[in-house]
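One chain, chain A, appears in both complexes that follow, with chain B as partner in the first and chain C in the second.
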Partner chain A sequence: MINYIIRRFLILPFILFGVTILVFSMIMMLGPYQRLSTYINDPAQLKGQDMDKLISKYGLDDPWYEQYSRWIGGVVHGDFGWSESAGQPVTEAIFSRFPATLELALFAVIPVVMGGIWLGVLSAVHHNQKFDHIIRIISTIGWSFPTFVFGLLVLMIFYGVLGWFPPGRLSADAAAIIRSAEFVRYTGLNVLDGILNLEINVVFDAFRHLIGPIVTLAIVWWSYILRITRSSMLETLRKDYIRTARAKGVAEKFVINKHARRNALIPVVTVAGPMVLGLLGGVVIVESVFGYRGIGQYAAQAAQQLDYSGILGVAMYFSFLLILINLIVDVSYAVIDPRIRLE
Partner chain B sequence: MEWKEILTRLIKNKLSLFGLIIILFFVLVAVFAPYLAPPRSPEDAYEIPRAGWQVEPQPPREGYLFGTAQGSYDIFYGMVWGTRTAFRIGVIVVGLSSLFGIIIGTLSAYYGGIIDEFFMRITDVFMSIPFLVAAMVLTTILGKGLDNVMIALVTFGWMGTARLMRSQVLEIKNEEFVQASIALGASDTRIIFKHIIANCIFPVLIQAFMRMGSMVITASALSFLGVGAPEGYADWGQMITFARDWILGGQGSALKYWYTVVIPGTAIMLFSLSWNLIGDAFRDILDPKLN
Partner chain C sequence: MSKEALVEVKNLKTYFYTEEGVVKAVDGVDYEIYPGETLGIVGESGCGKSVTSLSIMRLVESPPGRIEAGEINFKGTDLTKLSEKEMRKIRGNDISMIFQEPMTSLNPVYTVGDQIIEAITLHKGVKRKEARRQAIEMLQKVGIPLPEQRVDEYPHQLSGGMRQRVMIAMALSCDPQLLIADEPTTALDVTIQAQILELMNSLKESYGMAIMMITHDLGVIAEVSDRVAVMYAGKVVEYTDVDTLFDDPKHPYTWGLMNSIPKLDKDVDRLEAIPGSVPSPLNFPEGCKFNTRCPLAKGKCYDVEPPLEDTDGGHMVRCWRYEHLEEIKKRGERIYEDRGVQK
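Then we have the complex of A and B:
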């Protein structure tokens, strides 16, 4: 296992280097004038200056490797330039929205994973019965539903018609409480801060705004986890040791919960990577549909307004996050499943 | 397994039969688009005609079967010609990205060693940027428009196929029939095309079916996010963008403009659902133990 983990860590620098090269080569597709925007930290710098002078000052016509080393120097220090669409430096824009996206992702992952596993196991246990067929059909439909269409329908029905789950992140009253002097921002997560400050109205309001985006994100990924769990569980239930347990007279409940489910869940760990990958994309769509001010909405807004530094910054931060999560998943998989260590 | 047998079993399965019928329907709509919705001028048939200059969507009425969207764009026309756009995106993006994936996966697994390491690390790098965000960045940089959306989707869409193909080839490489033809002195090209690819293609094909739907969804999501098709271009994602400002309805009824989102939404959903159903049934046929 140590070898596997060491190898996994040795690859890491290559991946990080590769991602920066990939993003940098996309930057280099832009002309020097467009690229100027990713180097400037404040539009005031442009006043009274000749653009060409700035281009040679920042070395935007230098060979690419010199530009790369300069750019990577900035990236290491978290300097991604000025974001036109946010009106502030990219890193600041991203970090100010980070708690919102984190809150959404955390609340979405919990029902997705729990519900997906639960239904997946049930579906496998009731293999080829009515329940299984219904779950399979619903999950195929959920999997085929475009996130943005589903989000718009949720908004139309649950906000337009019923008025339950409004778009945005907070309504005006709750926002006023949060901005007031007595309210301490411990974490930046509205629900958690509301609980810590004993402001039940804030908790309730924050939840109300989260439900639409969560359901929309969950519907797609729930089907995904369900499918993986189901097929893994079906395979496990056919194993010899399960037959042995049943032959010994172990109660069916124990066979499923103790013997089968635990082992069936091992492969489910591996989908955590792809799921985070999809969630990070899904967040962009869901946040824009629901006008939820997070990193995803910022990315969409930056792309729409051709704010190159903004969108590239989001791409870099998202990839760092993804690389980190993939690393955690791979290492923990090696710890959970002894078989992988031998490969 | 023979093609004929696979097709028979796809038709016998109710779910995949449903999928096949829907896809056939969309194919017919795409083929007969010029008759179903005659364009005003054949040169720019993909330009959705406008019923007037009204901003507000208008419900279905005579001459406008599905009503008009924001800016008086004819929804029926957009849907019909958008079918062609959907197939174009699906076929081109899935075709090209699968081709790259097959080439890279096969080379990696067949030659192994340093070549394998090189290609797989590149694959890792490309998989380290969230797909939708990567496609969004590249489209933004190349400039808005469907061609650039397709370039972006192909650029960041080949890795899944490459990994799948690699694992398939690794399995088959050690089979006796491959070893036999190596021993007989067959050339690499002959072995790769005649024995390896021919025997690995089904799982890749299943994956391709599944990706037909998801690629069209992603492309329309990009249009929805404002970096896809230009305004007025016949594209399902574009049609939903038109609905965006109207989903909360107007005076009297919250569902006043339902047709602007439900009609194009249903089309995208059915399109993707059908490919998934076919892919699912296909997989069950080839690997019955996973059913």
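Then we have the complex of A and C:
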């Protein structure tokens, strides 16, 4: 198992290299003039300037491999370039936004996975009963809503009409507390830092801002996990070894929670990889909809403004994350199912 | 048989309520199992032999299945009247069961040791360490080499025959008085079949338990049974001791089953086969249920269902015309091919 993990880390640079080639070549499809135009805010700035001179000055018309090697040379030294859309270097932009996205992901993923599995099992156990029907209707609706539509609905109802859950990451008052000298930023996660600094107002305010994005992200993926757990559990409950367990005199509670659930989770773990991929896409949309200053919002911004250092940086970051998550999925696969051996 | 019966099944009816109608899988079955004997139950697929055994264990899926009428007296207690909790104390403890498919009857994510230990701790109330010692002892008794090592292996690491031995070890770990074996050898190689039957016979003697052997294989019946119940379409059609059954089968169905086995000492061009197949339980014929396939059926057979009658000294047969079969047998004719089914 350790060997397997080490091997997976050793191939990591090769995969990231492939990602950069892919993203870079897409950016290179834009002409040098278009790429130049991303560096200016006002056409007036170009008045009296020789555009061709600027292009050759910044090397925008060099062959793609020369431009690529300039960029990758910087990356090797930890320099991902200047992000025009963020107004700061790419690495700084990513690192400053990382805690916000991590906070959102933690609060969304844990209820999604736990709740989805729990309700999926319950739904299967009460197969074709009232509870099962209600859960299925809700999850079908949840799964059918596109994230951006659902997000806008949540924003409209809970902020526009009720005024409960505002967009953004913090209100002005809470932000002032966080910036004050006494407040120590232990983790960058607002809720956690609020607890550690015993600032109940910060905790409350941060949480209020998180609810909208969390609900939007969670409802879709919760439905997904729930449906897979339910059908996998239904199949497992018909297996011969479940009958064996019952014939041994095992109580139904243990038949379900011990004998059936662990087997039913194997397909759920299999889909967890693609789910995380979808969740990352969801983060981009949700953060944009709720004006939540995280990496997802940065990715959308960079793409809109053709900020190609930003795009490349975020692509690298997301790829790294995905590989890491898939590795975790593979390892937990082997932990749950003894028939799987990681070689 | 003046001894007190261990199990006494009286007029058992187990029906399944499906969308197409009521399936009378077991429709009025009577038999007894005496301490220390082996009762063989033989019949084609769909004749209700498995459902009878699942009814004794009260493991019929409900819904759609339900024990509609009858009694199952086990040592004087009617099992059909027990609560689920009381029944759990009997399952795996007083009555245990082994199944047809050793490949799928063990839980793939737990070690075989865990699964045996579970049964022992559940019923004997011993500590895990002691249960583990007993599990190893059981594995040794069922002839598994290196039991100390095998106890920590997963089912996928064992062969089919080994897994069936594990199932037997698990079933016998709490010293049951009755072992229900539902086609325990069907999925195994012939040589392994013989080994498993031999093992069951020797364990039966050392444990002094009774066995209910369910099979469609008359060879298995001849090997292990003391008495036999032949089932057809949810009913017992012939019920007697094993020697009488093989020497003098009285029901045309039993006769057909025996003649469809190839024999080494007889030179026949073609085997005699019973034409047609078991009628759908949704649509049983009027009168005797065997009348669609019986070459002797005539008049009354199509109108009135025959009772299970004692023909001589405990040889029970459910047929109006069994005496007619006697005459044909005396003349040495083959009933199925020489006659065909009249309608």
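The definition used in the following text is that the second predicted complex is superposed on the first by the 282 of 343 C-alpha atoms of A that agree within 3 Å, B and C clash if a C-alpha of one lies under 4 Å from a C-alpha of the other, contacts with A are read in each partner's own complex, and residues count from 1 in each chain.
Note that in this section a residue touches a chain if its C-beta (ideal position, glycine included) is under 8 Å from a C-beta of that chain, and two chains touch if they have at least 3 such contacts.
From a predicted model like this one, the values you see are computed outputs, not experimental measurements.
Looking at the shared chain after the overlay, A:R208 reaches neither chain B nor chain C. When the two structures are aligned on the shared chain, A:R293 is found in touch with neither chain B nor chain C.
When the two complexes are overlaid on their common chain A, residue A:W143 makes contact with chain B while staying clear of chain C.
Judged by the touch definition given at the top, the superposed model places A:I336 against chain C, while chain B stays out of reach.
Applying the stated contact rule after C-alpha superposition, one finds that A:D240 touches chain C and leaves chain B untouched. In the overlay built on the shared chain, the residue A:F318 is in contact with chain B alone; chain C does not reach it. Set against each other, chain B and chain C touch different numbers of residues in chain A, with B touching more. For chain C in complex with chain A, the touching residues are 57, 59, 84, 88-93, 96-97, 99, 101, 104-111, 118-119, 122-123, 154, 156, 167, 170.
Within the complex formed with chain A, the residues of chain B that make contact are 15, 121-122, 124-134, 136-142, 213, 217, 220-221, 224-227, 240, 243-244, 247-249, 254-255, 258, 261-262, 264-265, 268-269, 272-273, 276-277, 280, 289-291. Considering their complex, residues 239-241, 243-252, 259, 262-263, 336-339 of chain A touch chain C.
Within the complex, the chain A residues that touch chain B are 11, 14-15, 18-19, 21-23, 26-27, 29-30, 128, 137, 140-141, 143-149, 152-153, 155-156, 159-161, 231, 234-235, 238, 277-278, 280-282, 284-285, 288, 299-300, 303-304, 306, 308, 311-312, 314-315, 318-319, 322-323, 326.
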